[in-house]
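What follows is a single structure, written as structure tokens, with notes after it.
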Amino acid sequence: MFKTITLATALATFGIIGAASAETLKLGNVAELSGPGATVGNAWTDAINMGVDEINAAGGVLGMQLEIDTYDTQTDAQTSRALVQKAIDDGAFLILGTVYSSSTIVNMLVTMQQGIPQIVGSESPSITQKGNPYVFRSSFGAQKSMPKIAAYLDEGLGAKSVAVSWVNNEFGKGGHDAFVAEMEARGIEVVADVSSEVGQADFASDVTQLKSANADAIFVYLHEEESARLLKELRKQNVEAPIIGETTLLNQKVIELSEGAADGIMGHVGLTVDAPNPEIQAFAKRFSDRYGYKADHNAMKGYVAIYTAATAIERAGELDRQKVADTLHNMTITVEDVPNILLNVSWDETGEVSRESFLVEVQGDETIVKDMLPAN
Amino acid sequence: MKQLKILGLVAILAGLIIAPFTQATYGTYVLSSWLVFTVAAMGLNLTLGYAGQISLAQAAFMGIGAYSTALMTMAGLPWIASVVVGMGLCFVVGLILGYPALRVQNHFLAFVTLAFTTLAFLVMRNEEWLTGGIYGLVGVPRPSVAGLSLMDGTRYYFFTLGVFILASLSFWWLVNSPWGRAFKGLRENPIRANSLGVDTRLVTLLAFAIGAAYGGLSGALMAPLVQYIDPMSFTLIISLKILLMVVVGGSGYFFGPFLGAGLVIMLPEFLRFAEAYYLMIYAALVVFLMVVCPSGLLGLLSRGIAAIRSREPAERGDLKEGAQL
Amino acid sequence: MSDFLQLIISGLSTGSIYALAAIGFTLLWQASQTINFAQGEFVMVPAFFILIGSRVLGLPFPIAIGFGLAVAVFTLGFVFKRLVIQPMLPHGHLPIVMATIALAILMRELVKEFYSAEAQTFPALFSEQTFDVFGAVISHQDIGNLAVSAVAIIALQLFLGRTRTGRSMQATAQNPGVAEILGVNVQRMVLYTFMINAALATLASVLISPIYLAKFSNGEPIGLVAFLAAIVGGFNQVRGALVGGLLIGVIDNLSAAYLSSEYRIAGPMILLIVIILLRPQGLLGTSEGRTV
């Protein structure tokens, strides 16, 4: 009872402070709230909104309350470009989003030209390879995660050959190219290379090709639903080779949708709510209490993005965009400093992140963390 | 009446010139993209409104124009050269696509263009050596006019406006010139036009090819505007969007595409209050409009005006001219 | 060899479902010259009616299917015909094309906002057990899909050819004017066609959703395939749409495997163009008397 009262008083006090200090700091969140990316963008946005409320309740950033304007890209690259411009016109100090690589690659031109720091949730390698000094990731680019997978395939499984199933868009192509390069470096032969379309429903032909290649392992780099459809078809055609994936394949959604076909798949995930870390567990609980659904890696990306923004501005010490961008380069945030950053994380000079990550396996309906892989 | 019309046009033009000064960068960008899409819709209006053919390839033609411009200007060639190449390519492809399709049956052009748009997308995405593949081409330069760089958004808007006015005037001339009257004849009454010695198949084919060239022009304006092109900007959905612009505005009306493109581009702005529901409201409005008035908003307007003026049945402004053919 | 067989069998299984959607498509065309651009959504939506029946209303699954069927026949058949298509019929096919495109968007958005943006699992009618035939894996589901589609199509053919109502419907499709004079209630026959289309779409939905998962965005690929199947097979023949559906299913699989997975849809698309050039009435179609 006493606790509740204190909390209420505390919140009320913060509320008054918030109202009293006229100065607010405006951030823009440009995300996929509708269209094919709606699930992804909404998880990202919900986590950001939760982060903003927490940061504001704790006194804001540089004594200012954060105000977040959200813009819906409809999962369309051209629209996202226009909306990033609109967010900047509306006075956003910094941009969060987008998550889809196909959008980010277009709209990051706008922030680059106008010198606005942008924290994105996209994983296509090309984003940090274009020399844009204002773009920062909140999760690994594929070129960071693929070496970890390659190491596992090579040393963990002893695979000599691999068959690849990937989705032919910016996300999949980037991951595919990074993966194939790693395979070449390790002398593992890619014996089947099967691309599929976004929203593809029929994977019979893909699986027939993967199966007839008789590879030591199958690597899957698709979006969630396509992953589920592929897994079902792999099981149907009795494919026995180990199935390996990256973040999306091991998403809770895939496990649900594939109705048992995900049992036994292994892979690498950059962020997972199943990680045993207390910060992540606490975040997952707050999130599901507030929104009534389980957080996924997209929510974690959004959460990390907003705390990254807040910490970088705080550390820069003033509202100078150039200074914030400079601060973000080669910055490290530890969980001790900022518990809600979830895992210790560093950025390099290109805006790419390094962080510990996880090797997981699906057992039944559960994702089990097998191993924690060091940052690279 | 005529003076009133001219006055109205001058007022609209003045508005277009003043507009960017009242807008932030975003507003100017949206206005520019309205102009760009209007050019594409204008071309489709010739195919659809005048020749009565559904084309689902307008986005693919925009793509051809945009990739020509991007590839050529990035190689250092002048913008104007890339426009000529882009529009020429579209015109020729239009002839090649349209000829066999129109030879067989009228509504088959829709199916052939649907397949073409899908194939064009595949080529743009898969032929990485030429088109940059799924990543597209980044850093398309904006042209300079008389040594003046158009990198600035407002300047590029005026450049687009200039090209847009030229394109509109050409279109006006095209459908009003003695030679171009065949288009109107085709719109009003194809059977009569045919009996009066107009080769309707040839005119239909030309309408499609010229419409395609307008698509190319639109693409050539779009690439430098966005400064980035990728295959996703030229998919079937974009073709459908342009088709919606023409039909909602009023196909066969000169100003139909202007209004339609404006609505399709600006509507998300007006319906922002509706948030996630805006697409739903928009789609419901289109269904409603088609049910109530299939000739589009301008059709609705002219029907309204006609109803006020007299009790006679509605007629299109230039029906009389068509009848003179 | 076993790969080839596998591709053919999987292609036939999904192709038979495409055929159901394609047949509805051609029926609407014959009855009212309606090119239904929302046909894919007509297949996507009934799965959600059924899910509402079983998950929201708590009906047992077979009853939920009946519920979904009834709702689909009413909304996608009756309401669609009366409120959307009928007022536009006098104005030619362009407004109908545009309205059905917009309707497709509307249906997608409604499902997304009021049910879920996420894919949903859907119970299968047949077990997922498999057996081997010359190295190709065949599931009971594959056989079931083929069988159910075949039965539905044969039943439809019998209905159209052997019953009074069916023959009246055919007469309406061939020449509404003459049918009217002969005392056929043309509007009612057209309405029946729309309701049959909705029922076929529901059947396709039930068969396809366990494999494809039920999702608001599924209509687009399904609609495109139905459209292709209808043109390739022949716009004015039920048989044509059947052959078209099976053919597209198989060619899609073969072109993904042997042409290039990156150019997968190019196979069916090129087939479409070739058919239009060489045999515009479709493989099994008869050339149309009416030009539109």
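For reference, chains read A, B and C in written order, and residue numbers begin at 1 within each chain.
To be clear about the criterion, a residue touches a chain if its C-beta (ideal position, glycine included) is under 8 Å from a C-beta of that chain, and two chains touch if they have at least 3 such contacts.
Remember, predicted model here, so these are calculated numbers, not experimental data.
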Topology of the chain contact graph, where touching chains are joined (line, ring, star, complete, other): complete
Taking each chain's C-alpha mean as its centre, the one farthest from chain B: A
Separation of mean Cα positions, chain B and chain A [Å, integer]: 38
Chain B-chain C separation of Cα centroids, rounded to whole Å: 32
Distance between the centres, which are taken as Cα means, of chain C and chain A, whole angstrom: 38
In chain B, residues with contacts to at least two other chains: 125, 276, 279
For chain C, residues that touch 2 or more chains besides their own: 109, 262, 265
Contacts with 2+ other chains: residues of chain A: 34, 168
Interface residues, chain C side, partner chain B - complex: 35, 83-84, 87-88, 91-99, 101-103, 105-106, 109-110, 113, 227, 231, 262-263, 265-266, 269-270, 272-273, 276-277, 280, 288, 291-292
Residue numbers on chain B that touch chain C, as the complex places them: 48, 52, 54, 100-101, 104-108, 110-112, 114-116, 118-119, 122, 125-126, 240, 243-244, 247-248, 251, 276-277, 279-280, 282-284, 286-287, 290-292, 294-295
Of chain B, residues touching chain A in the complex: 24-27, 29-30, 33, 125, 133-136, 138, 226-228, 230, 232-233, 268, 275-276, 279
Residues of chain C touching chain A in the complex: 3, 6-7, 10-11, 13-14, 109, 112, 117-119, 121, 128, 130, 137, 139, 208, 211-213, 215, 217-218, 220-222, 252-254, 256-257, 261-262, 264-265
Residue ranges of chain A in contact with chain C within the complex: 34, 36, 38-39, 42, 168, 194-197, 199-202, 204-206, 208-209, 212, 224-225, 228-229, 232, 236-238, 253, 256-257, 259
